[in-house]
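Below is one structure, written out as structure tokens, with a few remarks after it.
Order as written gives the chain letters A, B, C, D and E; numbering starts at 1 within each chain.
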Amino acid sequence: MARFLKNREPVKGQSPGALVFVGTRKTDEIDIRVIDYDDHHLTDQAMVDIQDTLHYKTSESVTWININGLHDVDTIGRIGNAFDLHSLVMEDILNTGQRPKIDDYDDYLFIVLKMIRFDRQTGMVKNEQLSLVVGERFILTFQERPGDVFEPVRERIRRQKSRLRAGGTDYLAYALMDTVVENYISVIEHIGEQIEDLEEEILSDHDKKVMEKINRFKRETSYLKKSIRPAREAIFQLLRLESDLIHEKTLFFFKDLEDLIIHATEAIDTYRDLLTDQLNIYNSVTANKMNDIMKVLTIFAAIFIPLTFIAGIYGTNFDYLPELRYKYSYFIFWGVLVVIAGALLGYFKKKKWF
Amino acid sequence: MARFLKNREPVKGQSPGALVFVGTRKTDEIDIRVIDYDDHHLTDQAMVDIQDTLHYKTSESVTWININGLHDVDTIGRIGNAFDLHSLVMEDILNTGQRPKIDDYDDYLFIVLKMIRFDRQTGMVKNEQLSLVVGERFILTFQERPGDVFEPVRERIRRQKSRLRAGGTDYLAYALMDTVVENYISVIEHIGEQIEDLEEEILSDHDKKVMEKINRFKRETSYLKKSIRPAREAIFQLLRLESDLIHEKTLFFFKDLEDLIIHATEAIDTYRDLLTDQLNIYNSVTANKMNDIMKVLTIFAAIFIPLTFIAGIYGTNFDYLPELRYKYSYFIFWGVLVVIAGALLGYFKKKKWF
Amino acid sequence: MARFLKNREPVKGQSPGALVFVGTRKTDEIDIRVIDYDDHHLTDQAMVDIQDTLHYKTSESVTWININGLHDVDTIGRIGNAFDLHSLVMEDILNTGQRPKIDDYDDYLFIVLKMIRFDRQTGMVKNEQLSLVVGERFILTFQERPGDVFEPVRERIRRQKSRLRAGGTDYLAYALMDTVVENYISVIEHIGEQIEDLEEEILSDHDKKVMEKINRFKRETSYLKKSIRPAREAIFQLLRLESDLIHEKTLFFFKDLEDLIIHATEAIDTYRDLLTDQLNIYNSVTANKMNDIMKVLTIFAAIFIPLTFIAGIYGTNFDYLPELRYKYSYFIFWGVLVVIAGALLGYFKKKKWF
Amino acid sequence: MARFLKNREPVKGQSPGALVFVGTRKTDEIDIRVIDYDDHHLTDQAMVDIQDTLHYKTSESVTWININGLHDVDTIGRIGNAFDLHSLVMEDILNTGQRPKIDDYDDYLFIVLKMIRFDRQTGMVKNEQLSLVVGERFILTFQERPGDVFEPVRERIRRQKSRLRAGGTDYLAYALMDTVVENYISVIEHIGEQIEDLEEEILSDHDKKVMEKINRFKRETSYLKKSIRPAREAIFQLLRLESDLIHEKTLFFFKDLEDLIIHATEAIDTYRDLLTDQLNIYNSVTANKMNDIMKVLTIFAAIFIPLTFIAGIYGTNFDYLPELRYKYSYFIFWGVLVVIAGALLGYFKKKKWF
Amino acid sequence: MARFLKNREPVKGQSPGALVFVGTRKTDEIDIRVIDYDDHHLTDQAMVDIQDTLHYKTSESVTWININGLHDVDTIGRIGNAFDLHSLVMEDILNTGQRPKIDDYDDYLFIVLKMIRFDRQTGMVKNEQLSLVVGERFILTFQERPGDVFEPVRERIRRQKSRLRAGGTDYLAYALMDTVVENYISVIEHIGEQIEDLEEEILSDHDKKVMEKINRFKRETSYLKKSIRPAREAIFQLLRLESDLIHEKTLFFFKDLEDLIIHATEAIDTYRDLLTDQLNIYNSVTANKMNDIMKVLTIFAAIFIPLTFIAGIYGTNFDYLPELRYKYSYFIFWGVLVVIAGALLGYFKKKKWF
């Protein structure tokens, strides 16, 4: 499976208007929840019929409709029509292989982000697409499957005095995006810790496992980078949009969000550099080990091969071999062997081979 | 053959006005098809004589003339004259080694793209030049050879209610270019899958084949990049042209196309990084294997060479060699051998060599 | 511990307004010191109650309040309220994993920097967060723990004729930041010296230790870069802010500070390049050593293995082996051995193997 | 010789006004040719005296004076004076180590380019400096030596109906520069073909020759890049000069020239990447070969060294060695040898060593 | 010594106004020379008292005061006061670890450059700081020690008709900076020649010396780059300053200077790339040599180890070993050995191992 170019089914030449879900179905039912609030009141309910929510579109209160599950193209389509979304927006929401971005459709902003998750079992980073439609008085969020990522935000909405209750849709959008980006940081931190620990391992337990780990982390940080880098661009653009939908005072918060995501991308780049350095060190350690192995071999071979040769000499069966007759020959022979072995050992010692 | 600088025949100093076909003839006959449509009517016919189509140039309906095959310089030249194309445009259409680009000639836009195809037999990416001339009421497309790439677009034109029928030449240009770019994505996805699968292979079946594959994919992604990168620049320029030929509301679609091609180029870069990492891993695996081989050699040599030497000692024919006479010598001799071998084995075990 | 993404505790979805200290407590008590000065007078005292200092906020004299220790969230919160700091500023002050930056809040500038220290014992670079709030008539500085880094600045304030006494808060901010950046230079210089000395070591005492050193310095320079690079951006922004808080004539000093920090970052990059080169050289030296080892092995093996074979021939017990009977065989045999050994030695000598 | 910083003789502190030829004299005589043309007439003659050509400077017709050979400083100086060239222009014309560039002197443009040639004998790229002075009604071209590079341009001038005859000096400048750039393309194509062929060679005939070729091509593409990259910048600047000397309608042609030279530089970069990849592959192949060699060695050593040891055991001369006496010992001995050898072979087979 | 971050003594927190000489004293006495000239007159004298030169500050003639030696802080300080130099300028002049730069102080420009020298004995590049203060009617130059670098400029000033005599301080500044940059070129050329010669050496006399040379040149080009790169930026800024001190017509000369220094930095980058390539080639050559050594070892071992084994078989002392009894055994034995050796040789020959 091409994980780095995910789920993009080529719909060559088909009308861009035809709605098709492109991706892996990650949930069975579609689950829609509507939260409507202002300073004074708060309602939080599951949506049954899109018609019931239409009045929210223009009401003064802030309305947040969260849709979990994208496979029910009809329902999604009806929501899109109800809120007058552009056909390209509908298409992008349904295509989970979208690149993070922000588009300004005057009446609303359309934001695509990736939510990141580290799967401990496979050791792989998984992502899920989050689409936000930020209007003057409403926010739509589309997720691939149910999850409680945004529960803390809901918690804050429930607290009557929270800044969220006082703010508009732009502040809610900030709070949601901040949740996503904080999550990036925590995933990077989790992976980063393991990467930093590798260093020790390379020098102590040098084996193939370590190399596979380095490789795996390289791949996963590539994957992270691919999701987070464009998100950074999108937040950068958002700050410079001059859209009426983002109020002056919320800009400080988005500026802070930008700092955070820059921090995230820089950390990824630093970790990738660390991994490159670690692979280099690993290779140097491998080469050093090779040298050590060869030294052992060479010392054994260089000492015993000549000795064996000398023993071979006196194993020959020449009729006339004068040394064999001499009484102390055998002892002299041993002496010579010891001297040769000692000289060679001294030579290697001097070369600091052991 | 210089595949990376294709078919460019140096026409040093010759008048840029002289029309010459530069490339490989990929079809025998030239095949021209004229589609003319608006909301209400649609005609689709083969072109016999360029004169029959001249009235389309100014008629209100959208006219799409598709030319397959470029070797018939005369016919191409007549079409060029009929539509008042600049001599440089004519030259570029006929030179299939052109770099993707967009030129604004006020009355029309001239766009060059590469159509990409993955040839499964050779495992190589092939490209074919597509030139588009986008006028107010007509589009000319020039391909190197017949192919049904644009059939889905024609299909959509035939459906009376489609957006294509309601749009102008700019929307048709978008639909055609979108088809080309969607095709990039599907080729990259195809290659990407194979690249991602390589990783497994490097660690399990490490052999020369894998390295050749890495090499081949590097070359093919280079080739892809060379075609797609400039196309991205061209689409970027198109969005910022402020030409009257591109209407405001079509810009959203071209913006979407830009996102798509950025996605494509980023995926290529990610895959190239993956390949570089894979070659590094491959080399580490090779070095590790070398270490393993050397360990086997060293263990055998270090154990048996000293033993052989000892056996050699007692194979000598010295007249006076006291140990030979002693009754249990042979058994002591075996004992010594076993002890030495055991000690060495223990030493290598401690070093974790096996 | 993820040192490269330090102390950032994900506070997913929590209200950004809730003050929490994020970091390692590095001091036990919070220590606050207030210096107030103008041309004529100077007071320097420990702060007991924030209420006592409120009048400084608007007085004409320059007031510098330095806070050491961040764990006492309440006190910090009261100071923040007293000086009307934005909630995001308060949060950033308390989060010691902040990326260096500058934010313009019209009434004051908020600057985050890292103070760098080289810990000789661990051989590691440590950093500590410094937050500056620069108002029209006051400066707040927040450090993680007590330290005498700014003592020289205080010394200069005490001298009545110093430029500091005549300058405003902007010049004091410059003096403080200059102290921090000069410190970067001295840490880089300290590490740089050791890096430059490594070169010699690689060529003379080539061993695993050197490689570990190269590795360690790479990591530490990464760490330095991570702290200093964003500080450079921040100073760059500060110079282009056009804030009323920075006076024209102080700009020259900030320009000088920019030159200094550019110098620092360039030096880090140069040292990183040096380290990369050194690792390459190290690997080349390792490979050369391997060649030398293999030459020794090959010379011994190539000379003695054939000789041993020849000795083996005449150690066979064939009944009919004519040479054994001949009287001078043994001497001829030796002659042959010497000739062979000499020829091989000559061959290796010619190949410049020794 | 420092080929990459060619012929630049430091003229430290000397007056920039003193004319000195800096370079290698490549021709013996200076050869000057004057072509003067407009729609109706054409003259083409060798220049004898610069005075004869002075009236061309202001005449309505286009005058092209081509000077081959730069060593005759006096003549060059007289030409410079006759056309009021700036002293810096004169200096640059005479210094053949100039970097390609364009300077706008209001009355004329001064353009320096390198003409590239592939010398098949040495396998090296050679370059030659071409300086163009483009005035309102005249063009001066200075080459280091005679050559027929511009003959095709002259040919086109001779054809009465050609666009050249109708165009001004700007179009002639375009035609000349186009000739030079087309030449870059053909040299790159020539080298590129050889580089692409290398790939095959690395995998089939891996030897030192291939590595030297890779090295040579790297150097030559460096050299090409050094000449062509700045030329690209120069053409880029020329397009944005807004000089009266370049007419609106000629801009299309220069735009086309820019596309061409971008194509050239991109091709060089692609080929350099290919070469880097090829060196990596070469090194992987080398490492693989090493593994193969070591496997052969290890198999032989691991099998025969133990066997030799066993033979050595029974070559000992112990008085009491029971096996020697037994009748079938020799056959059992052979059996044991075969079993050991077989087991080891099986082991290596299982490891896929052969 | 940290050569890459030279002589910067951290003056943490000290008042930036206190003048301290930071650097190595390179001369004993301070040597000051005053040249004053216009079209008509010229005086050239040693300066005794700064008071004598004060009238030059405002006189119409151009005055060039050159100060050699920086350790006499008092004298330098007096000069600074006499010419109203900013305290930061004074500090920078005295700190020889300054990064090349240009600062515009309205009344004068302050330029810092490095003068480069190749020390043949140590094979190292040395630099020396040159500070220029360019006022309307005067130029001050500060060098670390006496040297005749600027003698040619003085020579040109002495010639009455030279452009220098007619130009203002801006042209003199150009002439001085041009001298410095021409010097860069000649140092780069000198090093470049040696680098280009290395290539040959790597392939012919491959040894450790070559690697050390590559390493040394890498370090020295790093050092060069560190001095020249910022100087290029400074000259770039100077061209875009729009200072009244630089006249329109002198800009052409500074433009030429910019071309020259771009040429210099590009040459350095090219040489650094060459060196990287050379190290790669060196490593490939090392690996190839290793292969060659291993082939020799393997051929010897693979041929003689089996032969020795066979000889060992017939050296055993089994009572019943039928072959030993047969008359022609010894000759058959030899035959078998020759056949085996021949087969193995043939095998290695086929593998192209020799």
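Assume a contact is a pair of C-beta atoms (placed from the backbone, for glycine too) under 8 Å apart; a residue touches a chain by one contact, two chains touch by 3 or more.
Computed from a predicted model, the values in this text were never measured in an experiment.
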{"item": "Contacts common to chain C and chain D (chain labels)", "value": "E"}
{"item": "Averaged-CA centre spacing for the pair chain E and chain A, given as whole angstrom", "value": "41"}
{"item": "Chain centre separation (chain B, chain D; CA means) in Å", "value": "26"}
{"item": "Two or more partner chains touched - positions in chain B", "value": "283, 287, 290, 294, 297, 301, 305, 308, 312, 315-317, 321"}
{"item": "Chain contact topology (line, ring, star, complete or other)", "value": "ring"}
{"item": "Sequence of touching chains round the ring, chain A onward through chain B", "value": "A, B, D, E, C"}
{"item": "Sites on chain E touched by chain C in the complex", "value": "1-5, 8, 10-17, 86, 88, 92, 99, 101, 103, 105, 208, 211-212, 215, 218-219, 222, 226, 230, 279, 282-283, 286-287, 289-290, 293-294, 296-297, 300-301, 304-305, 307-308, 311-312, 314-317, 321, 323-330, 333"}
{"item": "Partner chain A, residues of chain B touching it in the complex", "value": "149-153, 155-156, 159, 162-164, 175, 178-179, 182-183, 185-186, 188-190, 192-193, 196, 199, 203, 252-253, 255-256, 259, 262-263, 266-267, 270-271, 273-274, 277, 280-281, 283-285, 287-288, 290-291, 294-295, 297-298, 301-302, 305-306, 308-309, 312-313, 315-322, 353"}
